[in-house]
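Can you read through this structure? Questions will come right after.
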Amino acid sequence: MANPRVGIVMGSDSDLPVMKDTTEVLEQLGIEYEVVISSAHRVPQKTARYASSAEERGLEVIIAAAGGAAHLAGVIAAETVLPVIGVPIKTSTLGGLDSLYSIVQMPRGIPVATMAINGAKNAGIFAAQIVGINDAAVRKRVKQFKLEMAKGVEQKDEKLQELGVKAYLAEMKK
Amino acid sequence: MANPRVGIVMGSDSDLPVMKDTTEVLEQLGIEYEVVISSAHRVPQKTARYASSAEERGLEVIIAAAGGAAHLAGVIAAETVLPVIGVPIKTSTLGGLDSLYSIVQMPRGIPVATMAINGAKNAGIFAAQIVGINDAAVRKRVKQFKLEMAKGVEQKDEKLQELGVKAYLAEMKK
Amino acid sequence: MANPRVGIVMGSDSDLPVMKDTTEVLEQLGIEYEVVISSAHRVPQKTARYASSAEERGLEVIIAAAGGAAHLAGVIAAETVLPVIGVPIKTSTLGGLDSLYSIVQMPRGIPVATMAINGAKNAGIFAAQIVGINDAAVRKRVKQFKLEMAKGVEQKDEKLQELGVKAYLAEMKK
Amino acid sequence: MANPRVGIVMGSDSDLPVMKDTTEVLEQLGIEYEVVISSAHRVPQKTARYASSAEERGLEVIIAAAGGAAHLAGVIAAETVLPVIGVPIKTSTLGGLDSLYSIVQMPRGIPVATMAINGAKNAGIFAAQIVGINDAAVRKRVKQFKLEMAKGVEQKDEKLQELGVKAYLAEMKK
Amino acid sequence: MANPRVGIVMGSDSDLPVMKDTTEVLEQLGIEYEVVISSAHRVPQKTARYASSAEERGLEVIIAAAGGAAHLAGVIAAETVLPVIGVPIKTSTLGGLDSLYSIVQMPRGIPVATMAINGAKNAGIFAAQIVGINDAAVRKRVKQFKLEMAKGVEQKDEKLQELGVKAYLAEMKK
Amino acid sequence: MANPRVGIVMGSDSDLPVMKDTTEVLEQLGIEYEVVISSAHRVPQKTARYASSAEERGLEVIIAAAGGAAHLAGVIAAETVLPVIGVPIKTSTLGGLDSLYSIVQMPRGIPVATMAINGAKNAGIFAAQIVGINDAAVRKRVKQFKLEMAKGVEQKDEKLQELGVKAYLAEMKK
Amino acid sequence: MANPRVGIVMGSDSDLPVMKDTTEVLEQLGIEYEVVISSAHRVPQKTARYASSAEERGLEVIIAAAGGAAHLAGVIAAETVLPVIGVPIKTSTLGGLDSLYSIVQMPRGIPVATMAINGAKNAGIFAAQIVGINDAAVRKRVKQFKLEMAKGVEQKDEKLQELGVKAYLAEMKK
Amino acid sequence: MANPRVGIVMGSDSDLPVMKDTTEVLEQLGIEYEVVISSAHRVPQKTARYASSAEERGLEVIIAAAGGAAHLAGVIAAETVLPVIGVPIKTSTLGGLDSLYSIVQMPRGIPVATMAINGAKNAGIFAAQIVGINDAAVRKRVKQFKLEMAKGVEQKDEKLQELGVKAYLAEMKK
């Protein structure tokens, strides 16, 4: 098996149902990845080691997901020069606004590329866009992916024009 | 000089004008402290070392101040069993709400005792309250401090009763 | 039975399902506690008496939980020099942001150590960290607690590496 | 001098520049008042005594102003059956949203009638509306006050029609 | 039947399940009331007439409840010198923050006494506190009401002391 | 069939259950419309073409609905001089506040007329009000619509007066 | 002079410095307008009369600006079938979020087309877009306006390409 | 001169004083860039062309800055498979929260890597981290940059230890 190019880290396995979308889109785009549970607060040294060794292990991008006072992405970004993508996880109290602020408002010098709250799928696509800069095959697959997405919208629109609003809605409920 | 009992850490010297209030109240309450600049993101290992060695160096409480995606207090709390007090620093864009969320919304297992935005003085008082549990002299000084604060309010009220609103306001402007 | 060292106060018994986490973690860490229902607004004098007598009754830390215009922690902090920890309870309208602001934004002079919204477990851990400063047995138990928490993360990660994402998720749903 | 019918309490003399508007409108409406500085947190017993004795001292309404974790109005409302009006004071970090939430989100049983952030003038008018229910002279003055306010708007509009936008703006800048 | 002293107005019958709490507490406190559905936007003239005739019809206080861009209380306050109490109704999108801002942030000159989001019960109690200023029987009932509320808290606390946390929680779930 | 005068565009068919309200009210008001699925991000060129050709195709008003980083209405407004109405769709994380900000805060020069979050029905009514300026039949139907709405409120109020609160509520639950 | 086609209403002359932008853009686009000061709360009947007579007086669009609990636009929309555009005015405490919510979150049946906070210029442009549907001359001027705006951006870009960042910034500061 | 590898686009030249930080850090890190003013709303076709031709023109990363309803980054991301970094510009009314939401909350399929509000410097660093994946010289310069940043923190800390708080603050004010 090829070496992983993208590392996906999450602070808790409770983030996995969201982050599975990242793994699926990376598979769809043909990019090797690994998934790791490693909390910034509960196992800080494991997390630091993971981040500081990522480059020499051949990773190209790291995706970090966390909720609440979501320090994981920032803590990883502190230990590597690889690009780090952060996914703020929705919280039950503040809807994920706490996660978003904790990830996006990084101080000067240590950026984290922040996705939408629960934006797991986009994290995978963005990683692929980065990888695709120097990998023509990946770039081609990203283009194909976007074309299919566009085609999906057009097909839905065609169906709507054909069925009309009421019949379309009736079918959606099935 | 006695060993410091309270460590004050801030991510940037730009936090110092706010955090000077912590140092002043600790002096007033007769508690030894040290002040350190150590960013969670720019010097993560120094920060981790500071936190993990704090206990054996004799510190009893750590106060951490940071703004924006304020990870400092959480990162320190991950590396020590000493109580960690967090001070969210006001930011020019979100008023410090980003700092507050990043500090207070810690996940289960790793608490940070959060003060008000820019609540530097209260961080010092709270540290003294902790220290005072087992140090009768400190506790006495905290009581004295509260008494004087109460007296200050009463004196202002007396002056207001004496002068009336208009004259009091005129004097405030002087 | 030993005297309680931590007092847990809540404004309403509707906070009890959340605050039970505090009691459980204090039991796990071997710290005596008491639990009291006493509203700042409905029984203000009982609350004031509870707070002002806490020190002489041997309490070392008070934990106060309330929701909405959550004045309980501040009102207690006004009447004692013991450290007061506040737990903002989630509300159905504002998600607990009202509780958070009402607890954390205390004025200069009267700090309340604020936990995350519904952060009941962390309130107990933080109380233990305070108590542990001068109680080696408690401190040791807190360290043990953190080690086990770390071990839990590592075990989950090992399991994830073993099972892969899909099988892990399938097992989570069981 | 007649007994005060309205008590104005503020947590700090820093609120006085805002709350002077309350005193001015009460004077304009011919209602006796008193002004007191009494913090819920710094002098809790003085505050409780003030509130619990207000009724027998002949007060009819209490206005309480505070900022941040603004507990003053709620703490007073806990100790009296007189109607309590709360004025949330603007804060430099959160614009007064913290004050607003701390005052308005009172639990069932203990209402506080909340005004706009820095709504000191309206607190006075509302107190007058309450007093006016059973005092025909006050009610008449409130009506007169509203008529003059309406006339003021109409005069501005007439002037605008006369001058046009540009000349009106030029005059405003003078 | 005696004349109503309190008028309860709501913009839509969808507010009635919340506002029934107002009617219940007013009944408990022995205060006559009337309930009216009258939208500020859908039947503006009916609403204006209701407000402008309220005084001569003998009402002493008006309670207005609305959600979203909640103009009802302000529109009523514009047409009467009676005290107007506003109840912001929770909304499904913004949790009632839109309702709260629309009611509490009234401009200078036209106050609305704002309750908590969905604070229907407190609106009734506050109306009773106003009425009670000049009605000894009502005031006495409000005092009795507060005493019983306090007793309720004390009984819950006693039961908690007796049963302990676990048994109390078990009974709550029944 | 007559040419459509109003174009309804939505970024995804998941917005259709909300936007069906727009279609229903337009039918009720006798205004021809068309419904199109066309995402600003997934099919940008289709969207641009739709907007830039709208005028010559005879549309008079465009309604655009989107959620999250809701660019659709702004992107359409950039390509036409027809009035564009934006409907922010509620989101599961931020309640639709993200959608609202993305639609309403348009820069100088390119307005979007923003409705309430999920305000699909009002978008249709507002389009009818625009169309009605120069179409007496439509204007008359809008007036009739408002009259019936008013009558509906009055009927509910009459029923409430007749039944009383309890019976009315009992009937609502049926 | 031709009859005004657009009515601009504001609750207070303090809104005029913002709303002057509306008047300027309407002049630029050759559309007759009138400007009126008329508060929803201070002169409710004048406001209602203005709105209910607008149609017969020949107005086609009404623009209403207000801040805080900004009811003006909604109150006007309640009394007319003309399209009403709302401009939320920035407030010193909540930045205009209160104004925005009070204007945009209108209940079903009574839409207000909301612009950005302080979006006075866009209110004028949007009114022109509405008027332009049936007035080819106005529509042409709106197109011209958009073309010039586009040209302005292109000229700035050309200048930037010519000067480079530093020189461009230096010139901006002049 | 070498071809630009990073394209910096901003919606208005008013964003240039903030975005100059991006240009400076890219120069420091030795990465060729270009700067373009191109609004998503005022010159949508120019913007679309810029984005859709970026890949063949040899750009590797695009940075887009905008404020308010900030659609620029999303509109560009819709037209290219290159990674797009978004910089939300601070706004005078909502502090940039509107810009942040408009950029970060992108729908599934079209990611934008969002930086902090006004995080112009980090956008440049993040672009360099991306470029550095396959360019050893750039990666080395990023590492050097981080080392110097770390050294800067350490030097400040040393100076603070040497001078103490008061003298350090005195020097900061110079």
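First chain written, first letter: the chains are A, B, C, D, E, F, G and H, and each begins at residue 1.
Everything that follows uses one rule, which is that a contact is a pair of C-beta atoms (placed from the backbone, for glycine too) under 8 Å apart; a residue touches a chain by one contact, two chains touch by 3 or more.
Only a predicted model underlies this, so the values are computations on that prediction, with no experimental measurement involved.
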Shortest path length from chain A to chain F (each step joins two touching chains): 1
Required steps from chain D to chain H (each step between touching chains, minimum): 2
Angular offset of chain D relative to chain E [C-alpha, multiple of 5 degrees]: 180
Geometric centre distance via CA averages, chain E-chain A, whole Å: 47
Inter-centroid spacing, chain F versus chain E (mean Cα positions, whole Å): 33
For chain F paired with chain H, centre-to-centre distance based on mean C-alpha positions, whole Å: 36
For chain E paired with chain H, centre-to-centre distance based on mean C-alpha positions, whole Å: 51
Sites on chain F at which at least two other chains make contact: 12, 39, 42, 68-69, 94-95, 97, 104-107, 109-110, 116-117, 146, 149
All touching chain pairs, where touch follows the definition stated at the start: A-B, A-C, A-F, A-H, B-C, B-D, B-H, C-D, C-E, D-E, D-G, E-F, E-G, F-G, F-H, G-H
Complex contact set, residues of chain F against chain E: 90, 95-97, 116-118, 146, 149-150, 152-154, 156-157, 160-161, 165-166, 168-169, 172
Touch list for chain C against partner chain B, complex: 60-61, 81-83, 85, 100, 104-111, 113-117, 119, 121-123, 125-126, 129-130, 132-134, 139, 142-143, 146, 149
Interfacial residue positions of chain H with respect to chain F in the complex: 11-12, 39-42, 44-45, 48, 67-71, 74-75, 77-79, 91, 94, 97-98, 101-107, 109-110, 112
Residue ranges of chain F in contact with chain A within the complex: 12-13, 16-17, 20, 23, 35-39, 42-43, 46, 68-69, 92-95
